[in-house]
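Notes for the one structure printed next.
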Amino acid sequence: MESLERILVEHPFLKDLSPEHVHLIVGCARNIVFEPNKFLFKENEEAHEFYILRSGKVALEIYTPEYGPITIQTIGEGEVLGWSWLIPPYEWNFDGRATELTRAIALDGKCLRGKCEDDHVLGYELMKRLASVFEQRLYAMRLQLLDVYSGTTPKIKK
Amino acid sequence: MDPMIPHPYKIQRVIKETHDTFTLELKSIEKNGTFSFAPGQFNMLYIAGIGEVPISISGNPTKNGSLIHTTRAVGTVTKEMAKLKRSDVIGIRGPFGTNWPVKEAEGNDVLLVAGGIGLAPLRPVIYHILSKREYFGKIILLYGTRTPQDILFRKELEKLKSRLDIDIYVTVDRATRAWNGNVGVVTRLIPRAPFDPINTIAMICGPEIMMRYTITEISRRGIASENIYVSVERNMKCGIGLCGHCLYGTEFICKDGPVFRYDQIQNIFGKREF
Amino acid sequence: MYKIEIKEIDALFELLRGDGYNLIGPVLKDGAVIYDEIESSSDLPIGWTDEQEPGKYRINKSGRNTLFEFTCGPQSWKKFLFPTVQKLFEINKEEKNLFFKPIDEPPKKYAFIGVRACELNAIQIQDKIFTQGEFIDHSYKKRRENLFIIAVNCTSSKGTCFCTSMNAGPKVNNGYDISLTEVYQDYSHYFISHIGSEIGKKFIEKINPSTPNEKEIQTAESLIQTTAAQMERKIDVSKIEDILFENFEHPRWDEVAERCMSCANCTMVCPTCFCTTVEDITDLTGTKAERIRKWDSCFTLDFSYIHGGSIRNSTKSRYRQWLTHKFASWHKQFESSGCVGCGRCITWCPVGIDITAEINAIRETKNIKQVLIEENQ
């Protein structure tokens, strides 16, 4: 348990979280490894984990009838994955597939939710960090939506 | 010789790079010898009876060889150009414009951020730097494009990646499962790119929106405005500062650009309708 | 300094024509004073004067037989030095080769008769653009080298003139060959003439001019000074670069855009505007082609077109581009203002937009955001 706590403390996502709070959540944590091409989660499955990636890469995929599975974003080392554990109905929206050997800390969603309900300060600290992640992902997603490399045809008629 | 009169160049080779991008290798009909240019400069390419377009030179400035241009077939002239074959002749005027700061970058780390076709005007920089590798610190290329099929110079990039003295990160906006690399906008590669912001010269080339957001991200990481260079594009008709079309604030893109040091155009870059 | 009369002016014209010069001067045509070929003083708009206000131009008989009692019409001299349409080269397409043939233009010798101070300044500004940059317009240079200028000091100013504010008149300073100041009084009609160059001297001396007396010189001088003093329209261009660069989002731009029709008249009549475009023409066989250069205007929608859209899509952005280029960016590019205060753009704007009013308005309410905040408090 002790080494897991050390890993959590050093991860960029939990930077500046008080040692007491890290200690609180380490109880929900476990070390996990995904082989290349293994799925961390699938669309509509119950979202019961929050992943803090230590190394490797995970592709977020959406399955389309015409083209099969399309990767819309990859998440890598130093980043976090998944927030459906926080929001009812607690189901994954996408598929998550490891594209290479991926090591992560998996935090049990129910356990984390419980701890946040009991300790609102912990809840707020986690929420702040998640809000920052949402903001960055949304920003990046919006740029992706612009499809800036696509060519001359304007996306919107003037 | 009148700078508005093109010189005839013959196509030696046409390379289809991606579904809408192609490269022309050209040699002068009138004179022997190489085409001398600085990385970042452009020529005006003329197709008789159709029109003329400014296209960056994408070849190797350090080597004796053909004149090389890589472009997308997006407008009237470039679509006609895409139909040309070996031995066809086009007109060339140039080279015009300012160049990437390869001299100023000596002694520093170099961060190249390319988006889409923006990799073509930066390729001469890569050639130049690799020819004098010991003059530079870390070299990092961040390249973003639409899909894996749109990756320009893919084989070359793969070869470069296998060199141990240059870091290459490629990302695409979306991909199928056949792609195991990064998916996401190129700005996502910036927070973890291994450059030292105090000693880095950044050169950015791509769609203007992409350059704008890239500048925001690299500034956040601490690269000063005086160390950032961009290549700006506007409508051009003459390429020699006389037709007025490429006016950009106080600058003529064809003479004072297309490469600009960011702090010198900071008051106008990204401003609407300029 | 000399005193000459109309018959000597005609003698001067004869000499110039004999030396191969094509005389271009003001003539009356279609209700306006424009520039065209002339042979003698009788071709000039004798006895005509003009009335100019924003959006208004009228010519009236003055009741005097003056040669130059009008100011600037819709045309400027630029159309002779920098033609509206010019062929750049011809191309012959042959089997696997392209032959580019430059146009061999026989040098044309022009003598401009009646160039005003503002126009002379404009010519000098265009000299800077076309002959003193990194790339030279050879055709302009050739025409310019062969140019003989008879300048005229204005002895009246019209409603839209503001050359005094731009330090561009009404008196000519340099750059001319011969200058004339017309003095018309009930009992005498003469011209005080200054020499501006060696070649001007050569021509004037051949017509045996007389020497003016002190009173005649004074009369001419005071006419010019009165003209300057009576100029009502004024513009303050001190620190104009900073003011315009700091007010790109000033609400005045939106306001003028509601009036501006983007018709491009201002750029066509402006003596310093120099934008062009190119056009490619090919014959039906596809073996011969030409490239033509034509006047263009930044007010057109596709002037700034790239990749599927125009950067300057709104009229506001195009008007702003024109005005800020003319008054601000021009300084950095060509070391002078782009405006000479001739007032043509004000006269010939169909809705009467007055650039002096626009600039004065922005200057008076600059940094408008601060003003709005204060108003709301």
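We call the chains A, B and C, going by the order they appear; numbering starts again at 1 in every chain.
Everything that follows uses one rule, which is that a contact is a pair of C-beta atoms (placed from the backbone, for glycine too) under 8 Å apart; a residue touches a chain by one contact, two chains touch by 3 or more.
Given the structure is predicted, the values throughout are model-derived calculations rather than measurements.
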item: B-C or A-B - the one linked by more C-beta pairs in contact; value: B-C
item: Chain closest to the assembly centre - both centres taken as Cα means; value: B
item: Most distant chain from chain A by Cα centroid; value: C
item: Centre-of-Cα separation between chain C and chain A, whole angstrom; value: 66
item: Where chain A and chain B are represented by their mean Cα positions, the distance between them in whole Å; value: 35
item: Whole-Å separation of chain centres (CA-atom averages), chain B against chain C; value: 40
item: Multi-chain contact residues (two or more partners), chain B; value: 74-75
item: Sequence positions of chain A contacting 2 or more other chains; value: 151-152
item: Multi-chain contact residues (two or more partners), chain C; value: 307-308, 313
item: Contact footprint of chain A on chain B as seen in their complex; value: 20, 72, 74-75, 115-117, 144-146, 150, 171, 173-177, 179-185, 187-188, 192, 206-207, 209-210, 213
item: Residues on chain C engaged by chain B in the complex (per definition of touch); value: 88-89, 91, 93, 96-100, 102, 129-130, 133-138, 245, 248, 274-278, 280-282, 286, 289, 291, 293, 296, 298, 303-308, 311-314, 316-317, 320-321, 325, 328-329, 332-333
item: In the complex with chain B, residue positions of chain A that touch it; value: 36, 57, 59-61, 67-74, 76-78, 97, 99-100, 140, 143-144, 146-152
item: Partner chain C, residues of chain B touching it in the complex; value: 2-8, 10, 29, 48-52, 74-75, 87-91, 233-235, 237-238, 240-245, 247, 249-250, 252, 255, 267, 271-274
